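Pasting a structure below so you can have a look.
Labels run A, B, C and D following the written order; every chain starts at residue 1.
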Amino acid sequence: MTAASRLADLGEQVILLEREEQVGGHLRNWDRLFPNRRPGYEVLNYLTEELGSKVDIRCLQTVTTIFSGERDFQLQLASGKSLRCDALLLATGFDLFDARRKEEYGYAIYDNVITSAELEELFRSGAPITTRQGKVPKRVGFVHCVGSRDEKAGNLYCSKVCCVTGVKQAIEIKELFPEAEVFGFYMDLRMFDRHFEEMYYEAQQKWDINFLRGRVSECAENQDQSIVLKIEDTLTSRPLKMTVDLLVLLVGFVPSPETLRLAAMLDLPVGEDRFLEPADEHTKSTLTVKPGVFLAGAVKGPFSISNAIADAGTAALQIHAYLKTL
Amino acid sequence: MIIEGKKRLWQEYQKEIADDRYFYVRSCVRQNFFPASEKVFLRILKEELGKDVYENAAHTTCSGIGYHSDVVPFETAMTVIARQFSLMTESGYEHFVTSCITSFGLYSEVLETWKHFPDVLQKVRGYLKEATGRTFELPKNVAHASDVIFRFRNEIASRGTHRLVNHLTGKPLRVVEHIGCHYSKMFPSKGVGGAEYPYVLVGMIEDWGGEVIDYPERRHCCGFGFRQYIVRANRGYSIANSKKKFESMKPYQPDFILTNCPGCPMFFDRWQYALSEMEGVTYGQNGEGIPVLTYEELSGLILGYDPWDLGLQVHQVPVEPLLDKLGIPYDPETKFAGKDGQDLGRPDAPTHMKFF
Amino acid sequence: MKEFGYTVHKERLIDYDRNDKRVLNHLKKHEPSVLTCIACGSCTATCSAGQLVDFNIRLVQTLLRRGEIEPLKKEVRKCMLCGKCILICPRGVNMRNLILAIQTAIDKLQ
Amino acid sequence: MISFNLFVLPFSFGLIYLLYMIIRWWTKWIRALPPEDRARFRKGIFSRQFFSGLKEVFLESLVHRKMFRRNALLGFMHMSFALGWFLLILAGNIESRIYSTSHVNPPYYPIFLKFFIHDRTVLWFEINTVPGFFRFLMDFLLLFILSGLILAMIKRGRSRWFGMTRTTHSQLTDRVALVCLWLIFPVRLLAESFTDGYYGAGGGFATQHLGNLFAVLFRESSQHIAYALWWLYSLALGIFFVTLPFSRYWHIPTEVLLIFFRRFGIPPKRIASSFSQVEIGACSRCGVCIDVCQLGSAARIHDIQAVYFLRSVRDEQVSRDITLRCLVCGRCQETCPVGINIDLIRLIERYNFSGSHASDFTYLPEPAPRKAQVAYFAGCMTHLTPSIIRAMKGILQEAGIDYHFLDEEGSVCCGRPMMLSGKHEQAGELIRFNRELILQSGADTLVTSCPICFRVFREEYNLPVRILHHTQYLLELIKSGKVPLQTVFRKVAYHDPCDLGRGSNEYRAPRELLAKVAELVEVPEEKEDALCCGGSLGIYTISSRKRDLITSDALDKLTSSGPEVLVTACPLCKKTFSRLAGIEVLDVAEMVYGAIPE
């Protein structure tokens, strides 16, 4: 969205193809954003207003084929329509890791194991947060790095934003249930950006949230449908067993099949981590090896919202510069 | 518990099980632990299902116990297994069925190794040739005996005289299923239902009318863990593991435990006795233990075989309460009578556990 | 009780559900700085006593959080209260009162 | 015939009760003394010490010399009450003898003399006569006291004039006693005046005139008013005497005993004893300790100052947290007019809270130091300021000293921090270890860089060797010309570490050293009044934020005259200051080392 409006501002004619019925991507499902816990819709509204009617937005569109011409591209759409363009920007984002693939956590099998996305949806809808049996959770656990930094899940990379999301959601749970015990089970806490570490400090100091270092190895369901989890308490180097009423899995980023399909059509290089490779990691991070094709945001790997917006701006400028050369 | 979730997983972990012409290899220890089980397996396949099962008198241990106790090197184990395959090849069979879970695990391990490192396979062929002058083909299909029973569970049910239902209350029996660690923990794809929620025994229980208990320590090892058991001083570890499981399953009030491994039923059965003697605890209802069955013994009961022919009298946790629930008739008099009627002698009654 | 020549081994596992959190709760009230520990271990690295014995003042905080009272009791006895750790701690945890308050709390319980 | 009237009863009962309480407690405390101290006491009574004791009682309890030194107005206020009242009683008794018929008078007789006696023979201005003189004197003394009373009232609102920012929050008993005390003298004035006015004679220059005025105003009824006032006067006295033992005024009798305890050489104890109890009772809650406490002035903690702490101990309501919330910097002790060992009483209470937990120091190794003439003990904290160690090594090498670095491989704590927590037994184990270590080194001089260690070495180790702080030792070296120095022209401010200054009374050495190598600038509140850096190991229950407030406040004062370097002589002070200081913070040793020519 940002890239589109920037380009429009620069006087370019932009067509924004969206697969969903609305633009905004994952941001639409997010209640509040880290680190300041401001409502997600604020940002979304800003972006939408900024976009206004500057660009031609076409929702529910799927690109079936792309013909790469000398200096332009022909897009064949599922709708039957086709359209020509001088430059392509892939901003098709990411998918969330399918938590069912971590079978040992029992997601979609045990009643009270949910994902961070589901919890966020609960926050957003304002629906009461209870166990599936309808009782107020007395102890809530957050499992970090679900589907990230995990050879068994086939993802060696770090999804970057789950740590801070975990801390944010933990605080939000405490805001709702001050009496509840909240645990974060982590391998490392990567508070990589500004105000993140302070938020982590607040979580400990103000909200009394416990962070326990170790990766949850397996979960099981008790008779009362609470979850008993096993973990090594690496700080005492002893195995630890704990019952939680609600277990939240902080699911990471995975490349979306759609992105990979488009990449294949444009034969763009794909990295070991199955995210798209820019022309140069440092100096040409929004360009690709293919002239006229550009990348922005989470097609290149895990991105925070602020970083994605910044990246989109850069991409817009790169595209503008490129179009001048035509 | 969201059952759909499990079903979806079970769909993912389907495995091919040959339907006839089996080359059967036995377990080292089961005939001492639960003497009738392997015999019953053969009887069911041959007499009930009319399958072709071949046993070769020359087959040996797979050396798994030695391998897992760190006394047999992997090369040796592979060569021994190569010999088993050569016996199969000679006898003109391609479907390999093992009675032992550890063997099954080891066979899978060896075959995977050979698949990924063909040079190792060549080496082993060389060893075998050198040592015995034998050659061999790889089996087309390797299954554990419980896989085979699983495959024919409906046939068994249809021929059966009993179902896993309490004939007094009409309620389904509540069953704890325990899978031997070496069945699918090493190679989830080689086990029916995978490693986390194996289906092989669940399938039998459900299709025979029972209800499966999923308790927190379900995944935990029975406590055999070769090294732990074989060294006497280490048996404290072994029994502690079993105890952990008993304590975890007790609140669910299971009617019996079903297993598919040589070691597990042995330890569930004997350790319940040992614990009752050491700590005075029992885990079943009103002072009884929780009966432990092998899948063959259970199949036998379903098919209405005489409990004593199934060797249930050698269980240390008495099975009578279970037989009563199943409504299976038995003669207490003949419990300790041998095949030809001679007296096998009665064991001392346990101090705390109810004995019949 | 029969003797079989072996005993049932004790669990090494920390059973968090069963452990005693009363000392922890007392500390949360009387020395809240304990909440902010990030287990970096700088306290242990500089500890005077730690140079001589396997005393781990970082572990004191961890055992406290896990409700492992027995080992905790043993551990706190080794502290010399010299206060080097306080000068090092990046999160301003007040270790010396932590030690004393733990002892007070344990006394209260017994 | 003995003069009597019902209204004397409240006074009399009050007096009897008070005397009973004093005798009861004094005997209790004296009995509770350990044998050797009781012997000292007995010896003392018949020695010259007794009279010097009396002198001190006069100077401190009545004249309030120390108060005067602190603030003239404050001193006068206290004196007018104490001395004035004392003299009033004295003179009153003598005066009463003039009119007394019997040999012994009931104690109330002099107090209510004017009620019983209306001497028309002498007029108020005939002060050359004996009775006239006494009338004059009595009125004069009464006005003297009332002047103090007025000051006391002013102090309520304008405490700054008396050199105090904050004053004590008083308890109920204190307030009751205070009201009575304030009533006694004006009521006495009125009672006497009304009486004298009614009888038209018997008063002094003040009472008589005031009386005549009342007589005109109230005529006949002034007699009844007078009677009522005498009742009120007696009641005020009575109630004051009864509440006294439960109020701050208990310090009046107790301080007297304390003074004799000290005079007779009875030493303070490390555990609760009658000495500490007498000290606690001797606190007059004057509140001068409140302003000097940095926890109050800098960290806004206002409930733990010595006056409140001692009160809560006396009322047996002391809490663990309050006991442990004190820098033990010694500033309050330094300024206490009664000279109570406040820090010691803190440690006694901490000891009482220290609970049942034995320490486990079985891990301490066998000390095996190298033999050397000088033993250097850096101390735990110094290991966190390696620059000090480097400086010391450098200087000792330059001076060619044969020394052994006792704790080069890390130290066993000196034991003072443990003592500060009240655990002396446990501290004893650490002390035994280090003592052994020092003795085995065979050194005749022990040098340490840490004032905390220095103090405990001196006070607890009883070592047969010279114990020096490095500032003292370095001064020796330089005076003996072993270390050549050149002045580095830098303006430095010196901070006195608590345990070196107030704790060990060493203010000279560091200053002399610095004078040789740099230019010392003025520092407010130095030497005895020096501030604590905030890093004190004496305090347990405080947040790091509060500590920082104390440190920043101290820094502001220390750097007020714009030095280039802040110099101290304690690794803990250095470490504490350098976190927040805008300027360089160095140890004296570093300054000296830096002044050694290439």
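One rule holds in what follows: a residue touches a chain if its C-beta (ideal position, glycine included) is under 8 Å from a C-beta of that chain, and two chains touch if they have at least 3 such contacts.
All of these numbers come straight from a predicted model, not from anything done at the bench.
Student: Which two chains are joined by the greatest number of C-beta pairs in contact?
Tutor: Here the largest contact count links C-D.
Student: Kindly work out which chain lies most centrally, taking the average of its C-alpha atoms as its position.
Tutor: Central chain is C.
Student: Averaged over CA atoms, how far is the centre of chain B from the centre of chain D? Could you give it in whole Å?
Tutor: For chain B versus chain D, the centre distance works out to 85 Å.
Student: Measure off the straight-line distance from the CA centroid of chain A to the CA centroid of chain D, and report it in whole Å.
Tutor: Their C-alpha centroids are separated by 66 Å.
Student: Between chain A and chain B, what is the separation of their C-alpha centroids in Å?
Tutor: Centres of chain A and chain B (C-alpha means) sit 45 Å apart.
Student: Where in chain D do residues touch two or more of the other chains?
Tutor: Chain D, residues with two or more chain partners: not present.
Student: For this structure, enumerate the chain pairs that meet the touch criterion.
Tutor: A-B, A-C, B-C, C-D
Student: Going by the contact rule set out above, which residues of chain C touch chain A in the complex?
Tutor: Residues of chain C touching chain A: 12-17, 28, 32, 35-39, 58-59, 62-63, 65-66, 68, 91.
Student: Going by the contact rule set out above, which residues of chain B touch chain C in the complex?
Tutor: 232-237, 239-240, 243-244, 274-275, 277-280, 351
Student: Any idea which chain C residues touch chain B in the complex?
Tutor: Listed in rising order, the residues of chain C that touch chain B are 1-2, 4-11.
Student: Considering only the defined contacts, which chain D positions touch chain C in the complex?
Tutor: The touching residues are 320-321, 324, 353-361, 363-365, 380-381, 383-384, 409-413, 417-418, 420-421, 423, 430, 535, 537, 540-545, 572, 575-576.
Student: With touch defined as at the start, can you tell me which chain B residues reach chain A in the complex?
Tutor: Listed in rising order, the residues are 1-2, 4-6, 8-9, 194-197, 214-219, 251-252.
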